[in-house]
């Protein structure tokens, strides 16, 4: 009932400063929270109070805003996004994350997803989100050969990656390596193999084996590699590292990781890629691709973005900077890569690779994944 | 009743099925010091906490300074009761200086610091304002706690076992000091203790509590000599209960007759309560008593004497000229010099066994 | 004397009176937020078909669960045995440079577990940097395999012991030195005193920290996946990653919730029922510093060893990557915006979490009862769930019911609160337990309202606990990844997301720069808080 005042400041300087910070940070924090919502989320609900600085800018340009959910890393996609923004004036916001995290996010967002585009780095992820993607116009689809796009036109491949065998150059030469991925079930390879069974690209390869060869062949191979005591890695990168370190002699990976290591560690890095021969299903070409989400608010901008990814300049970027294969004609493949025409690629419609279920069941049955 | 500082009516506080405080009544006048005396677990601390506002009563009411602070539908929070509390463990604020501890409850204003200094001087700690609590001795901390409680000039000061953490030598001294301080401040105070000596020394009034109830409130001498219950009798100090019968001459026991009847009818049987100082001993070959045990206590000696009936009585001897040995036969006389309390048989049929005794 | 610890204290402690609305209302709100992930998991589980259950209750999954429990126990024991001596050495002894050690030993908390995993493999793997160093002089061509349980325990132990360290340090600061002095006075030596007096009093703090470690271990994905330990959370992630099956993943998370509940019961037992505040009279004195004498060198070696493994090694490997990349002509990205975002959002999370933790801690300490105990237990659930599950629950409810807040800082910070509340509650609770409630009552009867008493008396006395809680939440937010990736505003980058993005694309040099910055920037506030915790 009396004296609710504070003590003299110096006696409680700690308390006062803490309280001040608390209050200030809360105010600022909440203000910023609202701010960033206005600024970039591209939320389907209309902004209650459009701010002066964004409206005119947005309407002056082609399509205003675009929201991309990307399973490809910022390191790889970021420069292209910047280029697209410069060329079109479209303000692109990207959420980078894992393929699976983004797919789950889009499903949990339901109809309220702010995403316009999903950019996935393997056919499995694209297949998983397929039901939420719009059918793309032929003008986009037709730029890419049929095997590298969705059979029902919901996504288009943007860049290609080859499945390869990475091997340690200190203990092996290309001559020591077999033609077929099935040959690695030979006991001679016992304890020398690394793989990443939880990786999307690996699973796409197993799907390819099921489709090209047979269910039993794929099962037999999985069991054989397991029996050979293959070392399990969480993803491709540590396999390449482990091969170079000599922890293992060979690994089943996508081709481009090696070039990242070579860029940072130089030519002395003791690992190289090997392309399996004779149209082996272990040499399948996979794609990273993108599609437009059914709840997209900025469809024209999204279509513009997909077209942009397929322009010669962008395709050149992918092969030059991320060591991938271009998917449109007339692009010069990075000289570091084995040209696609020199790889004996198996005949396969990639859209079939988006069917993951059978592969996941097989992986579980064989105990390759828990 | 305008001079009542604290008034409790039918105060009850239950924890589950047990009533820690059970229909507790108290009426304390302005300026008095009341000792709330009882064994551990009798509910005295809970009663204090209900008065202070830390516990909400289940029934009954509390008035402080004529203001209803707790009752049906009303429970004034502790900070608005004008009550000063001194805890057994002092509960000084370890992060504040002595001066700031004392000033904590004083309304902010120009003379806040001076009033704190005045109160601190009153408890004899002038000049220690800038010390931290941990730099003081136990006795000094206890006085800081008292000064802190006194500083806002509360209507009543509540002290919970305030001396139990002090060593014996210091305790006697601090008791006297605290009594003096409280008297000088003219403050009404209630303090809780389980030590009857402390209660009798400190209290203007002593309330004996048993099993959640107040058994008796009286001045110390009255309470000591004329307890209204066996429990009160025993709790206040050594008491012997000797079978007695009311006769024309008064109360007749096996060691003599005293001329008091307490208004009981002739022929009524019962027990008479006697204190060790009511009994005198003399060496006598014929007895009838026999020394059972001797407790030498420095300035006096306590003897336990077996009577022919097998009954034991205690006797206090102040003179050291006669030293009796265990086994010696003695003459036992009842010489109280004041009326003795008689408990008729039908009122208290049990013989002491059921009553809780305090070990202290 | 004879009346020490009378029922006065006990009565005051366990009074069943109803807590005030000012505590109940915020706690109820917090509780509602905490229940969101559980509601989400239940929702998804109910939507799951029977095949999902068949997939979850397979022999191999149960084996995984058992293995995970084993890992959890091992990591918890390891962290307690590291953290308690470190806490004691840095708070109570004359260890040379003890404040510096105090800062350095807390910092491993900020290293993301996948970075820790990468670094340990790079350094101590069969063909790691250590092997390369030893190959020349000693001809060792392969180090013993660190994969599996030993590696997982090593990495998780080194990264998570600061949880225990923070709460034990806070408790040591608050602990009444008279207890130790009493023991010394009774003729016990330093060691016996520590074991018989100090350690039992640290029990709630150890239990609280150990619980965090256990739950962190349960929910970790980064380290276990790199070190190839098949833990239960890894199984959950695999369900997202390979089958894109969020239903199955959520149902499996329910199993994790059950394991967490079991751990909570164990912790409640370990916590004990004693009171830990001072019941004797008089104010607490400051403690005297224990002189280590000839023990200072082994002590120094121990603490330096821990710092070397847990902090210097990661920093060295990251620096090596950075230098190697720069020499190879690697261009480094500009990460100052990410650094600023990290600092800002972590500070915000620390403050908001602290504010949320306060009513919960007070309620559970000062108003013990079934409901408050339940509330306190619930705070831990978010921490036990894989980050992605908590994040998706916020996506689900956020995008549907609070659309304007979705993908804003406000919702992200709320998710951090749900994830990290136990980091603050545990430490605060342990500190609050050591404050004698009579002190608050004394302040009340001196005319101060409960809120005023809280600010002028409780907060200053809780100082060490508050600072430790803030430091803990700050650090774990700095490195948080799954929720940040999914819930942050668009275009919002933190050092953790930049590091993750670069390292998963095998840009090690570009990953090293933000990771080093993460450690460096974290050390500033930790140093500040550590230096202020001493009065």
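Letters A, B and C name the chains as they come in the text, with residue numbers starting at 1 for each one.
By definition in this document, contacts are C-beta pairs under 8 Å (C-beta built on N, C-alpha and C of every residue); 3 or more make two chains touch, one makes a residue touch a chain.
No experiment lies behind these values; they were computed from the predicted model shown.
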Task: Geometric centre: closest chain by C-alpha means - done: C
TODO: Averaging each chain's C-alpha atoms to get its centre, pick out the one most distant from subunit C.
DONE: B
TODO: Considering only C-beta pairs in contact, identify the chain pair with the most of them.
DONE: A-C
Task: Averaged-CA centre spacing for the pair subunit C and subunit B, given as whole angstrom - done: 52
- [ ] Could you put a whole-Å number on the gap between the CA centroids of subunit A and subunit C?
- [x] 31
TODO: Round to the nearest whole Å and give the separation of the Cα centres of subunit A and subunit B.
DONE: 82
Task: Residue numbers of subunit B (touch at least two other chains) - done: 79-80, 107
Open item on the list: Show the residues in subunit C shared as contacts by 2 or more other chains, in ascending order.
Closed with: 447, 449, 460, 463
Open item on the list: Touching at least two other chains at once: which residues of subunit A meet that condition?
Closed with: 1-3, 7
TODO: Could you please specify the touching residues of subunit C with respect to subunit A in the complex?
DONE: 55, 60-61, 64, 118, 121-122, 125-128, 147, 225-226, 228, 230, 234-235, 237-238, 240-244, 246, 249, 321, 324-325, 328, 330, 333, 347-348, 351-352, 354-355, 388, 391-392, 395-396, 399-400, 403-411, 413, 447, 449, 452, 455-456, 459-460, 463, 466, 482, 485-486, 488-493, 497-498, 501-510, 532
- [ ] In the complex, go through subunit C and note every residue touching subunit B.
- [x] 1-4, 6-9, 11-12, 15-17, 278-286, 436, 438-439, 441-450, 457, 460-461, 463, 535
Open item on the list: If we count contacts the way the header does, which residues on subunit A are in touch with subunit C in the complex?
Closed with: 1-4, 6-7, 12, 14-15, 18-19, 21-22, 25-26, 29-30, 32-34, 36-37, 39-45, 48, 67, 73-76, 93-101, 103-105, 107-110, 112-114, 124-125, 128, 197-200, 203, 231-235, 237-238, 240-242, 245-247, 257, 260-261, 263-266, 356-357, 360, 363-364, 367, 369-370
Task: Of all residues in subunit B, those that touch subunit C in their complex - done: 15, 20, 40-41, 45-46, 49, 52-56, 77-81, 83-85, 87-95, 104-105, 107, 132-134, 136, 138, 141-142, 145, 148-149, 152, 158, 160-161, 164-167, 194, 360
